[in-house]
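Take a look at these structures.
Common to both upcoming complexes is subunit A, partnered first by subunit B, then by subunit C.
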Partner chain A sequence: MVESLFSGEFLALLGAATAALAGIGSAIGVGVAGEAAAGVVSEDPNKFGQVLLLQALPGTQGIYGLLIAFIIMVKVGLLGGDGMLELSVAQGASIFAAAVPIGLVGIFSGIAQGKAAASGIMLVGKKPSELAKGMLFAAMVETYAVLALLVSFLMLNSIQL
Partner chain B sequence: MAKNKIYPFAVASIRSMENKLLTKQKLMQMADAKDAAEALRILCETDYGKTEIDDIHDFEKMIQNHLEEEYQAVGKLIPSETFMDIFKFKNDYHNIKVLIKEEISKVNGKKYLTKGGTIPLDVLQKNFRDRNYMELPNIKPEAVQEATDMYAKTKNARYIDTILDRACFQVMSDSAHKLGNDYVSRYVSKLADVTNLKTLLRCWRLERSEDELEESIVPGGELPAELLVRAFKNDVIQVMKETSYGTLCDTYMPQGFTVFEKACDDYLMGYVKDAKYKTLTPEPVAAYILAKETEAKCVRIIMTCKLQDIDAETIKERVREAYV
Partner chain C sequence: MAAVEMRKLTVIGLNSGRAPFIYELMHLGVVEINSQDGIISDEETDWLPDIFRSSNSADVSRLEGDIIRVSTALEAISKYDPSKKPLLITRKEFGREEFIAYMNKVRTDTERNMDKAIAAYKVINDGKAEINHLRSLITGLQPWVKLDIPLEMNETEYVSVIHGLTGAKVQSGQLMAAVTESVPSAIVQEIGADKQQKYFSFIVLKEEKDGLYEALRPFGFSGINMADQQGTPTEAIHRYEKRIEEIEKTITENEKVLAELSPARKDIEYLYDLLVTQRDRARIVGEMLSTDTVFYFDGWMPAKAQDEVEELLKRYEFYYDIQVPDADEEVPILLHNSGVATPFEAVTNMYSLPSRKDIDPTTILAPFYFVFFGMMLSDAAYGIILSALCFFVLKKYKPEGTIYKMFKMFFYCGISTFIWGALFGGWFGDFFTVAGRTLFNKEISIDPIWFNPMDDPMKLLIFSLILGAIHLFVGMGVQAYMYFRDGKAVDAICDIILWYVLLIGLVLFGVGGMVAPVLTTVGKVMSIVGAGGILLTGGRKKKGIVGKVTGGLGALYGITSYLSDILSYSRLLALGLATGVVAQVINTLGSLAGGGVLGAILLTAALVFGTIFNLAINALGAFVHSCRLMYVEFFGKFYTGGGREFRPFARKTKYVKIMKDQDK
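Presenting the complex of A and B:
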């Protein structure tokens, strides 16, 4: 039982799952921004288009997570149709480690970006002409999600199976 | 994040609504109007204009309807009822005062009743007549009793006001504690302090007795009653200088009561304005209500002054700081 839990294959799948957890951050972030967006639209329905743009910003972390999860699954042959490759525990653990950055950073940056986006939406509610600035503030948070994506991606690329 | 409840919807709505607040320029424009009718015309172009009035002296009706509308709109945004109630208690207590005085004097006080309390006017009137306090949750029966008793004993209407004011501040302060929002609690405490400072200055200027001051001090503030009494017995400005309201008292108290009263309102507004930099917590909602109330006060000042043909410069001096 314990051996099957800590087999290389299992660890690699756990890595793919961890990467996909970045979606939690995006879900919370988009949720908070969505509430704020609804608040603005309740007062002025014409601002729908502008606030929608801002609401979508925290959604990227989930996409990054999905991307890394896909790469892992392709790498271990899960999506190829030929069945999963046999992995050593070390290989599986490396894949798991590579997935941790985007998984963790995705969760927290998604939440943080959601708050920034919500504030940006309030800014648009008050001063509609400042949409670009509001987006810029929220987009700053994106940097760190991208950095984590990069780290995860580079690590995965260098793992030899 | 889970620890502090957040209200993105409410705050975002409030931010949009803030655009409709009257700016200082608009108020100045009203002050500069050549007569009351023109000032009223400017007012009618804003959201206040929803209520149509025939007589210029009815502008109070416009203000009240507008405030009532705003209270309701804001009330819907925040699920917790206590949050809004804290700002509405003063209207309830005002109405109770009117009702008590109505009972005593047998003069119909209907036109002095104000909307915007926590209890609808008809419910308040009916249950107050029957002294059915079950239906009046935030009215303290002992305060009403004490007020009527004191009046019967002294025939001095001042007691009705002071006793009910004290009860009102007590209820506000208790509810603020229960709500547990730091910003609201501090506002209520500052409001009590500022009210006491105004009472202190008034009693001092008019050379009233110490007892009268003590009876008028409202609870809930940071400044203890003993300190206020000590200031009253010695030099008010010297003693108050040492407190956290030092600058306020030192700069404005010597300039007379009108100036000090305005300075107090501006001081509170300065505190309220902190909420401009909060995004997800409920502070901006509270700030909006207070901004609306200050705005209504400014409109009242301007309209009343215009009706009395007071010159524009004097009005401008009296207009309070605006939130936006």
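Presenting the complex of A and C:
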């Protein structure tokens, strides 16, 4: 039982799962932004397009998570026709470690970016011409998700199987 | 490349020529008129009691009224217009005389159509309000349908009829008993009950009315007066329903009237534009100063437009004065960039227009934006789609202004995306490889012209950082140029050139050894010179020894910001990978059904929907992050912004575009 928990294969899958958890951040972030967006649209339905752009911004963390999870699955052979590779515990643990940055940073940056996007939506509600600035404030947060994605990706890329 | 040079214009003219002059000035559309707000209220002008802010607010409000009518008519017609609404409004082109002649011809008809539309719209809205009212009456009457006394009959010569309700918990038997006990002559009838209420009707001798109310008080009875309605409840409901039907018929008829008016919509739109320009002309007079015989205004115009404005002023024989603005005067900003760079003005505009001291960054920014956007999206097929879409919109709708610039910019960015995609070998991700393998059992691969970043991400990361360093160095170079231009050579050397020396030195010290060992030594010397110079000069504007030392240390500590700035460009790699991998995910999902017809269908469906999703989300990402690299990293090095936009007095039309005479 314990051995199967600490098998390389399991740890690698746990890594893919951890990476996909970044979606939590995106879900909360997009949700928060969506609430603000609905408020603005209730005042002025014409702003729908603009606020939708802003609402979409915190969605990227989920995609980054998916991306790393996908790369892990390809790497361990889950998505190929030949079945999963045999992995040593060290290999599995390394893959798990590589997934942690995007998983964790994705959750928190997604939430924070959602709040920034919601404020940006409020900004657009009052000053529609300032859409770009609202987007920029949200994008400042995303930088850290991008960095985490990069770290995860480079780590994964250097793990030899 | 740069903001357009401006001239300050002051004009005094005769009131007799004012109206036609303003008309001509609007047609030229090159002069911004300053508001004279506040000038006249200065106490110093008390000695000029004859000057006043002329205003023809009566004209303005009359025209405003007309505009509201036209807007209502447009709203009414567009609501029931069966034709599809275009995505963007393309303005119809007219010559000036042509437009006036056309409007004169159609004005009467258009006014009539407008009145028809407004009348029909009013009937529809009134009808809808009445239907609502009737529906609520019907709901109110529903519990009373069993009542067989006409509602309007609330008393005869001797008796009163009283209707009312109690809470649902009241026991009917108790209530009736109480009433019969104290007012034996009363007739009680329970008409109905629902979840909340019970409905009662009483017939009672007039003189015993008070006794009845007294007996009902413990039951929380409240009376309802329905005497304003005719007939028994059933009759009334029936009548109301019939009336609703009638109204609905009129509404449909009037909706048809509005739908039939939709061909007239164009002319009404033109009328709207005509009225708006007339209103603007009337309103601008309020910005000028006048006496009984002359008027005065001042404002700005581009130096290029000087000739045509002068020609106009000479024709009217007005007094005028044109001056080059003082160096420290705030001047409105109009950007003018040549050719390919023009659409990228949209990026500059979104940040902030350059102030007078700034350099217009558009031309320098354009090639970097082009490259960065392409790298972040980096899929050849997506690039083709993006460019084709933008090209289609540009040709079909002929957008203008900022929208035009945006589409044109994305058209160029699409080309860049195509180039990078081809370099990295992304065509819908790895679609063709996947399709070949699952459907035809063949290995198709489109080789990247340069290399596939998935295979060697470090190479692309370093390339991204080098691009970033170039971008930052260019930004610093612009700042150095500005220092030299303003005669601050010392600042240029201390704040820019020393940094160049230090940063280049550090790079050489770090990696120069791979090229030639001597470079390491050169790098070391350069770093020390640079760092030492910054340490010594960083605090040169501070007072006292302590200030100078901490200033120097603080400046040198700024090296961390260069580090984070450069690392920020790693997003070029990350976002490029994101597009590629998401495309791969989509293709993998599409290939899950294997080969055969079903597999082909699934693969196509995944390709279509996946591409729409991936392109939309990643084009947005590429746009936002390219902007960020410009605004934060690049502009941070030299740009302040905060310029005021040049807003010439011109026609602000939505539906027609009046061509200048020479354009025809």
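Everything below uses one rule, namely that the second predicted complex is superposed on the first by the 161 of 161 C-alpha atoms of A that agree within 3 Å, B and C clash if a C-alpha of one lies under 4 Å from a C-alpha of the other, contacts with A are read in each partner's own complex, and residues count from 1 in each chain.
The rule is simple: contacts are C-beta pairs under 8 Å (C-beta built on N, C-alpha and C of every residue); 3 or more make two chains touch, one makes a residue touch a chain.
Not measured: the values here are computed from a predicted model.
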Side-by-side fit of subunit B and subunit C on subunit A, or clash: fit
Partner chain in contact with A:Ile111 - subunit B first, subunit C second, else both or neither: first
Touching partner for A:Gly125 - first (subunit B), second (subunit C), both, neither: first
Contact breadth on subunit A, by residue count: subunit C or subunit B: C
Contacts of A:Phe70 with subunit B and subunit C, given as first, second, both or neither: second
Subunit A as apex of subunit B and subunit C, Cα-centre angle in degrees (nearest 10): 50
Partner chain in contact with A:Ala99 - subunit B first, subunit C second, else both or neither: neither
Partner chain(s) touched by A:Leu154 [first = subunit B, second = subunit C, both, neither]: second
Which superposed partner A:Ala12 touches (first subunit B, second subunit C, both, neither): neither
Touched partner set for A:Leu57, first subunit B, second subunit C, both or neither: second
Partner chain in contact with A:Val40 - subunit B first, subunit C second, else both or neither: first
Subunit B versus subunit C as contact partner of A:Val146, first or second or both or neither: second
Smallest separation of CA atoms, subunit C relative to subunit B, angstrom: 11
Touching both subunit C and subunit B, counted on subunit A across the two superposed complexes: none
Parts of subunit A lying in touch with subunit B, wherever the complex brings them together: 28, 32-33, 35-40, 42-44, 111, 115, 118-119, 121-123, 125-126
Contact set on subunit B toward subunit A in their complex: 1, 6, 8-19, 77, 279-280
In the complex with subunit C, residue positions of subunit A that touch it: 53, 56-57, 59-60, 63-64, 66-67, 70-71, 79, 131-133, 135-136, 138-140, 142-143, 146-147, 149-150, 153-154, 157
Complex interface listing, subunit C residues touching subunit A: 350-351, 457-458, 461, 567-568, 570-571, 573-575, 577-578, 581-582, 584-585, 588, 617, 620-621, 624-625, 627-628, 631-632
